[in-house]
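Starting off with a structure, shown below.
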Amino acid sequence: MLRAIYYKSNGDLVTDITPESFPAALEDAQGIVWVDFSNEEPEPAETILIHTFGFHHLAVDDALHETHVPKVDDWEQYLYIAMHAISYTSGADDIDAIELDIFLGAHYIVTHHDAPIQALDRVWDICRQDVRYFKRGADHILYELTDGLIVDYMKVVEALDEEVENVENLVMGKPSSEAVQRIFTLKRITLHLRRVLSPLREVLNKLARDDYAVIDARDRVYFRDVYDHLVRLHDISESLRDLVGGVLDTYLSVINNRMNEIMKTLTLITTLFMPLSFLVGFFGMNYFFPTSQELLPWTGNISFIITMIVIMLTPVVMFTWMKRRKWM
Amino acid sequence: MLRAIYYKSNGDLVTDITPESFPAALEDAQGIVWVDFSNEEPEPAETILIHTFGFHHLAVDDALHETHVPKVDDWEQYLYIAMHAISYTSGADDIDAIELDIFLGAHYIVTHHDAPIQALDRVWDICRQDVRYFKRGADHILYELTDGLIVDYMKVVEALDEEVENVENLVMGKPSSEAVQRIFTLKRITLHLRRVLSPLREVLNKLARDDYAVIDARDRVYFRDVYDHLVRLHDISESLRDLVGGVLDTYLSVINNRMNEIMKTLTLITTLFMPLSFLVGFFGMNYFFPTSQELLPWTGNISFIITMIVIMLTPVVMFTWMKRRKWM
Amino acid sequence: MLRAIYYKSNGDLVTDITPESFPAALEDAQGIVWVDFSNEEPEPAETILIHTFGFHHLAVDDALHETHVPKVDDWEQYLYIAMHAISYTSGADDIDAIELDIFLGAHYIVTHHDAPIQALDRVWDICRQDVRYFKRGADHILYELTDGLIVDYMKVVEALDEEVENVENLVMGKPSSEAVQRIFTLKRITLHLRRVLSPLREVLNKLARDDYAVIDARDRVYFRDVYDHLVRLHDISESLRDLVGGVLDTYLSVINNRMNEIMKTLTLITTLFMPLSFLVGFFGMNYFFPTSQELLPWTGNISFIITMIVIMLTPVVMFTWMKRRKWM
Amino acid sequence: MLRAIYYKSNGDLVTDITPESFPAALEDAQGIVWVDFSNEEPEPAETILIHTFGFHHLAVDDALHETHVPKVDDWEQYLYIAMHAISYTSGADDIDAIELDIFLGAHYIVTHHDAPIQALDRVWDICRQDVRYFKRGADHILYELTDGLIVDYMKVVEALDEEVENVENLVMGKPSSEAVQRIFTLKRITLHLRRVLSPLREVLNKLARDDYAVIDARDRVYFRDVYDHLVRLHDISESLRDLVGGVLDTYLSVINNRMNEIMKTLTLITTLFMPLSFLVGFFGMNYFFPTSQELLPWTGNISFIITMIVIMLTPVVMFTWMKRRKWM
Amino acid sequence: MLRAIYYKSNGDLVTDITPESFPAALEDAQGIVWVDFSNEEPEPAETILIHTFGFHHLAVDDALHETHVPKVDDWEQYLYIAMHAISYTSGADDIDAIELDIFLGAHYIVTHHDAPIQALDRVWDICRQDVRYFKRGADHILYELTDGLIVDYMKVVEALDEEVENVENLVMGKPSSEAVQRIFTLKRITLHLRRVLSPLREVLNKLARDDYAVIDARDRVYFRDVYDHLVRLHDISESLRDLVGGVLDTYLSVINNRMNEIMKTLTLITTLFMPLSFLVGFFGMNYFFPTSQELLPWTGNISFIITMIVIMLTPVVMFTWMKRRKWM
């Protein structure tokens, strides 16, 4: 799907602009055009990006065909920025990362993504309704987009934080195999999160510090603000990693303690009864001889046969039981 | 709560100044104004900060609505500084960090925090009583504030140090599950402390080295002094981390040794009595036959029934006991 | 084997050029020569490289006799570049790395390798058929080569990724000794991969950033593109390393859990039956006396001898069995 | 205690100079004064340092009241240098670090420490006897002091090295709980040592590289020499850390191996005797009947009562024994 | 032992030059002198180095009395370079490092070492026979020396690599305590190797990059070549470290697996026989009464006494056996 907003130099907003009228719009040096390719086929997009906007084919390849870690490339007339929008559902196996490719020119911004991005849709809707967002320039729309993405990052981090706490309580109560699996999954997720956050922070740092033709020097302070948020997000994600590591250590120590308890009991029981068993074995206990005639049938033929059957069945049953538990 | 001190250019201290008279006070280029927002509603604070002081709305947002890692932003006419005041009660689950936002201008200092900060109150009280603190300029009040915060940091570090030592002695004596939990908590706390200390150190480093319009070059040496304290604090917190790690290793080695001891005993007992039990089992021990008539009742019917009941109850009791210990 | 393509300044392609005509071809300042030494003897290669091309004997030594981590040496008139082409078959013990030595001049490119490299052959075949590749200069052929190598890297990384996932599923189901061996092998492979990737990334970074006489400044953007791919590859290989580490941790936790289960069962059985055995041992169980005459032969001489034999054989059998399992 | 040496410009040494004559001595631009405060009360020292020498009160605070990691502060007319002198007795729980504060001016050196420092006393005694040391300037005395400190560092490192070797041999022979405690202590000590060494190395690096008004550029080579020693010391302390880590790993592997051995024996014994016990249990061993009349008293009443007492006492004894070993 | 070669400006080689003629030789600005102190007493060497060559006494101290990590000191008229020659015999406890101190002037090179260095002897012998080596200048002899050292480094690395592989195969087959000891030794050796390699690489990097008066700018490319070899050596030594770490992990996992197997067997045997033992204990097995008169002597007095002796000896024997295995 391709959609576009054209903010005319006279202050009008055109929301039904088609690719055919892009060239005219781009020539309006006072206007601003925002084109969004959402899950669009590569071929038509490629034509527009290369021929209408005149982007370098390497940059277009990056945007349409390839996956990248977040980065910013300066092509002088425009910037190519790759970012990731992330989302996370509690209990999921990984965070969901969607690549968002942005071309930022002096008077236009082009966004490309293969799946809908909530943050982008929010900014899009606001921009369609409120002309003021365009008045501050195309770079300000980029700021709104990054700011929106960060809000979603924060949600992800908070959801993870909550889940780690839950798993911790679970592990303290009853350390189960499932809890461990979850800890390992959370560990992997936090690692993934960190690998997305670090380069993104670097991108924002560049936008806030470096001198780009298409970013107004006075607007850099906005990107510095987003950068500060990312520094804090990175900080929290580091805490998360420590927390997950701590939960794992706790689990192992709980398991270890329990193992210790079990071995103690085993040793206790063995230590108490082994000498006793020797003693009673020694005497037979031939202090006694049988007195009760009523117990005679207990040693009859039928009883013997049943006993023999039980003796022969017990190992088979035990063996089968252990086999089912996958010990052999 | 909003409170303010106005040090007039003629040397008078006005402690009951209201927001309405801030603009007049700010125009007095020789005077110094200290405004403190303590747990104040964001809306009125925002009005004063943006319209009276003329701070950038991003900086005001940082101060009123958001949490940050310690940082210093240079807005030329003023600095925005975010710090954390920390406190810690022995045995608590985490250190208590309160964000302190500071705006430092050439002739004013504005502080904002959501909970009372002891160090700030101490400096406030001294400033109200002693006009000399204002004579050295607004940046010197910032120095007094940071110096006061560091004193509280040192208290926290000392409390932690003492607690780590206690836990270590505990673990050596009798390694318990609670001790391990406490070690993990202490580990997390030291990690948290380090994450607060590192950026704060960087902030002081910047104040001591960089050239800011609102900090007198001759006063930088004071911030270098605070910076040196933070270097030492960081050093101690690293030691703390090593100590906690060492306690954990000690715990594991103590547990391991004990496990080893237990297994040795189990093996010893088993090794001693198993061959003996075989021997006495082999002979029955049919060397003996019962001689004492007095023992006849021991093999009577009543005795048999009691024995059977005990035999049937024992597994049930044992099983229940283990179930209660959560082994099944 | 030595082979060469000579792109004449008039646009003709000569594919059967012999070493004798190299000097003439090299003098054609508009033409481009690509010479490829594939598994060629060092002596004749050395003669050509030193005397025909005039390379420094240290650089030729590097290319013909020695193994290097990827690097780029600037010899002003030409660049010496060492790279590695890698391939990997699922289940193999290591990735297969072939060193590719490249000399890049303004009008020629010389490649040297001791085993066939698929990526190079692909580019060779395309260049033989399509004159356009030469039109962009010798440095563009270098770009095509590096780009081709990267494609093979990606294949290796994908194969590894898949295998790690397989091993993970295996471990979850049934942790076996073979799976662990495979995890350790995969760990070593990812370490190897990382050690190849990091310096190669640095080589591309240099090609994309530094100012070399033989690389057209406008072509650097192509090397930046390859560099970005390498950044991503490095990122994925880091994920791989984390994944492998995670699988190992999972394995250990699964093993630990199982051990715990086994110990629980052992303790359970011991705890249930030890008191019972004592009880029945205590009474002998002399409640009963033998009644059935039919069982008399069970205690006859023959039975005794058989029993004695079994008693003496059992330890021997048990001992041999344990010996075979390598416990003694 | 305060003591001072005054090297007059005419080459005389005055060793009984009192604080009253410091101002006169300091005015002698060709002479050199060395004042040493050893475990002196802060108040009189503060007066002399601030009023006689004119040091900044922050620097004096650093010297008299506070503890710092090694550092060098440039106050232009003088340097403030904080160092640590260390000593170590084999078997001690930590290295003993004494802070040495030094003020170095163009014509004086002031040292301050709270406990006697052997290296300083050695240099002091030599300087009192040999006028040549003063001829090279105050900065050369600083060099002699640092060089002397380093000699003590080397002694500490050698003592630690020897002790680590002893503990290693101990662990190989018989892994005991005490050995582990010692390993952990040594680990902590090496960590402490490293934390003292790293900033000290940095101080010497600064003295060797930076341009200070009070250090003759030609004398920097001496500080570079001390710096090189510190590099080597740091290198050895890293080796020490690796060695200690290795001893710990060895200990754990020895313990693990022994555990394995014990478990093998337990399993061996159990595996050998369990089937035998079943067999002899099965037959009762009712192959035999008692024959010897002489053994009759063994099953008499007295014997029974003794047996019962032993049976009842055994668990109590076992339980008490385990309780004393702290298993319950 | 002191030996020297003097390459005269007229192309003659004098190999029997004595210290007395050094000053004359040094004045020959076109000639080159190589003096080698091999295991020479410090005093005469000191006299020559300080008075004949005019080296700074700190540099001479470094060379004659002290041990250093590899470094290069620029004394303008000459360089002082400290390196290590290493050798390693398979199975040895550590690599053997000999410090080689080199003074490099424009027209002389002085080497000093406390033990014979093979690489140096090789270069010495070649230089004595082949005048061409001197023609390229004193710095080229330094290159030949470093290049020779690197060859020995490579041999050490290869020997280590082979040994690690052997230990790995050993561990896979039968994990023994000796193998673990060897792994730990190899780990320490690789750590040592790395600590020698890293600063040496830095030394070569400086020689290849920095501008020294005594090294011809055109000869730097040779040191870059040696530097590249060191980069590769460092890379291989990192692989070695990973390999050793991997072997250790493998060992632990093999041990763990075996432990698991043993525990399984123990549990299996116990689980199978405990219920059976209870059963046969319950019935006594009083189904049978003795029938064979021939077995009567088995329960006679002599048999009883022997049994009693065995019963009393068994614990003593078992206890002694365990004591000898150092379990008590």
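By written order: A, B, C, D and E. Residues from 1 in each chain.
To be clear about the criterion, a residue touches a chain if its C-beta (ideal position, glycine included) is under 8 Å from a C-beta of that chain, and two chains touch if they have at least 3 such contacts.
These figures come from a predicted structure and were not determined experimentally.
Common neighbours of chain C and chain D (chains touching each): A, B, E.
The pair from A-C, A-B or C-D that reproduces the interface of B-C, where over half of the contact pairs by residue number are the same, turns out to be C-D. Relative orientation of chain A and chain E, expressed as the C-alpha superposition rotation angle, is 145° to the nearest 5. With centres defined as mean CA coordinates, chain E is found 45 Å away from chain B. In terms of their C-alpha centroids, the spacing between chain C and chain E amounts to 28 Å. With touch defined as above, residues shared between interfaces to two or more other chains in chain C number as follows: 258-259, 262-264, 266-267, 270-272, 274-277, 280-284, 286-290, 292, 295, 298-299, 304, 311, 327. Taken as a graph of touching chains, this assembly is complete, with every chain in contact with every other. Chain B contributes residues 282, 290, 298-299, 303-304, 307, 310-311, 314-315, 318-319, 322, 327-328 to its touches with chain C in the complex. For chain B in complex with chain A, the touching residues are 56, 58, 61-62, 66-69, 71, 73, 177, 180-181, 184, 187-188, 191-192, 195, 248, 252, 255, 258-259, 262-263, 265-266, 269-270, 272-274, 276-277, 280-281, 284-286, 288-290, 292, 295-301, 304, 322, 325-327. Across the interface of their complex, chain B is touched by residues 264, 267-268, 271-272, 275-276, 279-280, 283, 286-287, 311 of chain C. For chain C in complex with chain A, the touching residues are 174, 221-222, 224-225, 228-229, 231-232, 235, 238-239, 242-243, 246, 249-250, 253-254, 256-264, 266-267, 270-271, 274-275, 277-278, 281-284, 286-292, 294-295.
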